[in-house]
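Everything on this sheet refers to the single structure shown next.
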Amino acid sequence: MVRFKQRDIISIRHFNKEELLYILDLAKQMEQMDNTELLKGKVLASLFFEPSTRTRLSFESSMKRLGGSVIGFAESGVSSAAKGESLSDSIKIVEGYCDIIVLRHYLEGSAQLAADVATIPVINAGDGANQHPTQTFLDLYTIQKTKGTLEGLTIGFLGDLKYGRTVHSLAYALSHFGAEMYFISPPSLQLPNDFIDVLKDRKVKCHENESLRGISRRLDVIYCTRIQKERFADPVEFEKVRGIYRLSRAMLEEVGIKNDLKVLHPLPRVDEMDDSLDATDFAVYFHQARNGVPVRKAILAAVLGAIA
Amino acid sequence: MVRFKQRDIISIRHFNKEELLYILDLAKQMEQMDNTELLKGKVLASLFFEPSTRTRLSFESSMKRLGGSVIGFAESGVSSAAKGESLSDSIKIVEGYCDIIVLRHYLEGSAQLAADVATIPVINAGDGANQHPTQTFLDLYTIQKTKGTLEGLTIGFLGDLKYGRTVHSLAYALSHFGAEMYFISPPSLQLPNDFIDVLKDRKVKCHENESLRGISRRLDVIYCTRIQKERFADPVEFEKVRGIYRLSRAMLEEVGIKNDLKVLHPLPRVDEMDDSLDATDFAVYFHQARNGVPVRKAILAAVLGAIA
Amino acid sequence: MVRFKQRDIISIRHFNKEELLYILDLAKQMEQMDNTELLKGKVLASLFFEPSTRTRLSFESSMKRLGGSVIGFAESGVSSAAKGESLSDSIKIVEGYCDIIVLRHYLEGSAQLAADVATIPVINAGDGANQHPTQTFLDLYTIQKTKGTLEGLTIGFLGDLKYGRTVHSLAYALSHFGAEMYFISPPSLQLPNDFIDVLKDRKVKCHENESLRGISRRLDVIYCTRIQKERFADPVEFEKVRGIYRLSRAMLEEVGIKNDLKVLHPLPRVDEMDDSLDATDFAVYFHQARNGVPVRKAILAAVLGAIA
């Protein structure tokens, strides 16, 4: 039996296939539902030690659209961390003020630490380069919604696959659904070997490539991420790879794609995906961002026990 | 027929006389009304890329007093603009989290851009030196309320008339009501010539002066704005004009005024209007600031279609 | 008759014994009560010109758990003070947007100034080194709750007694209840002499000590505060005193204590109290922090007249 009540949401790896589907199904119900009072009287503490508009605003909107309320901060400068307080102390105090904590923190492992300390549920809204499970839930929801299913898809991950936490989490989650995966990146930003091993252990067919050319026609989904200039010791190297990993309408037409390809991106984008794509049916990244609301409503309602 | 439902509020120039009066009338009703649940379940995104206490807090108070809720940020440092995201992308995403957007941005034209991109209504809460229409609505409301009418008044605008967006917008709006206008400023901060032409085309009797002396007795209203030191190449020049444009009780008594003169100021003031004036019947600037609530309640309710 | 309706809460010295007990009793009721709609439709302006997570979040949680809503800012950078506006002007404007103001400001006397200017109630949430009355209410509440009574206790104050506003306010408040007080600090951080005189005038038995040794067995309560390195001209001096005033389980066992000793701390702590104490029955500082909610609910409800 699926049980989310009072559960911490720390890593996508903590959920089995049935649990993933349960949340996606609940998100679908949330999307069709009008505003409710499901979480009336409940208080969410939104603790963002690092700024994030998208995640913070969609959590806060979700809570409010369910009738709940929100306290918190949007950056660490106004938190008591600035006075040298430990995260553990901060959590022990704030949990007295609320019913659930959403935590964004720059340190890996901080969300698990908070969950260990708190007696109320903690939702990880990103802990450094580590995990960001609600992003993965909304990525899954977007794929399921736009492709009709999560089963048996061929997914291309494009860009910085070494540091991108969203890529690692989504690839892991899709391993429950018999996905075939293409990892397309410059050599210096390839998926870590031990993570490839994890996926292979989970029976995922993995391929590594340096370009979309030759494989693009096989892809049902492209999950694009940003390549950051700072990752390159030599700016000339960056300029070379840039063109290869910059998605545009013309580039996709040139390499060839399926008619029903969907392109996702966790956003914000800077210049790795130009806006010539925005008006096409391929582009689902804005829908993806907006799916943050039904998905986070589902998670909040389930964890707070407002839904059976 | 006046129609505000789902309409963007970008510039005061987009509204005709009937529409201006409709909002003022609605504001009057709002002022007499107790807290309601008119906007229950509605979410306002309050996106302030530039700080502004007055405007932000009065919008948020208005929304909450009507039963709605608010998400957002108070400065750009915690927005995804800090990560290089375009305003257009930010708007496309945030509109998925809310029912209406209030935008303050340092760039002229940003509000129109946001309105073009969004499918939900956008209210301009100040776009650089350009427009700040809800300020003008509350200025009009304050004048109407304290003078009994908007028709046929003689208004003096004092201070920095070159850069002050509130002056330009209010002068334009008052051109619907047969106002006579005196523009009182140092030569370097005069109203731009092309704006004078706009007003003259609209049949406004315009006068330009360098001092209140000689004309102050004709004025029903003085609209005072701040003269910023930074506008002057020569600090000696600034010190010279400073005294002439600094309102005080003694100064008004000396130049002579009507008994029922009303002095407005968009605030904050620094030292261009000293507090000897605060206790007089002339001073309506604090009421003016507070009128932000009924006026913004009226605009929110009208745009969100909560009022027929 | 005790009367809190529309009253400013500026200094703990403004309340007599009956009034203190009234709030503590109301806090107890609040703690046993479910969320209510007592303050539905009311708006709190939370004006923090200086960051403070604990105080701000617990006030905001209290307001929301009572059905009210909150507007405001968490730091002065986003307030109009950054544009040079006087506190007095800010208050005159903001009071038009809300029903009650909670003010945190770095200047001593700012809360009284705000209360003098405003026609709505002002609650001081800390004005520089001066007062922080709601902290004292929650300190009293915690002592009463964990000791069973406030009458006739022996309290040790430990650490920086010269600058700590929480110590001064709590000592004053406890003078209503026949307390005996030990003030334990390095010579340079002793309680100011004139404040000792105030307490003696109020019939408090006062003792000054440099260490817990020899007196610790007499204490019912230790109220610990932080000793800041910056207070010492000579870092060597700081290192010497540090060990003496750093509470730990081992240190308390060594000097000897009552079995039912309770240790309070206004938090945040840095290293003046190590976490070996956290799991003991002595440690009540996290409960103390959480008591901010029932106590502030009581104060808000009483001042806003929602409770008879």
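First chain written, first letter: the chains are A, B and C, and each begins at residue 1.
In this text, a contact is a pair of C-beta atoms (placed from the backbone, for glycine too) under 8 Å apart; a residue touches a chain by one contact, two chains touch by 3 or more.
Going by UniProt, the chains are A, B, C = Aspartate carbamoyltransferase.
Being a predicted model, the structure only gives us computed values, none of them experimental.
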Interface residue identity across copies chain A, chain B - same or different by half: different
C-alpha-based rotation, chain B on chain C, 0 to 180 degrees, nearest 5: 120
Euclidean distance of C-alpha centroids - chain A vs chain B, Å: 41
Chain C, residues touching no fewer than two other chains: 69
List of chain B residues in touch with chain A within their complex: 41, 43, 45, 69, 71-73, 77-80, 82-85, 88-90, 92-94, 96-98
Residues of chain B touching chain C in the complex: 34-35, 48, 51-54, 57-58, 60-61, 64-65, 69, 74-75, 267-270, 275, 286, 289-290, 292-293
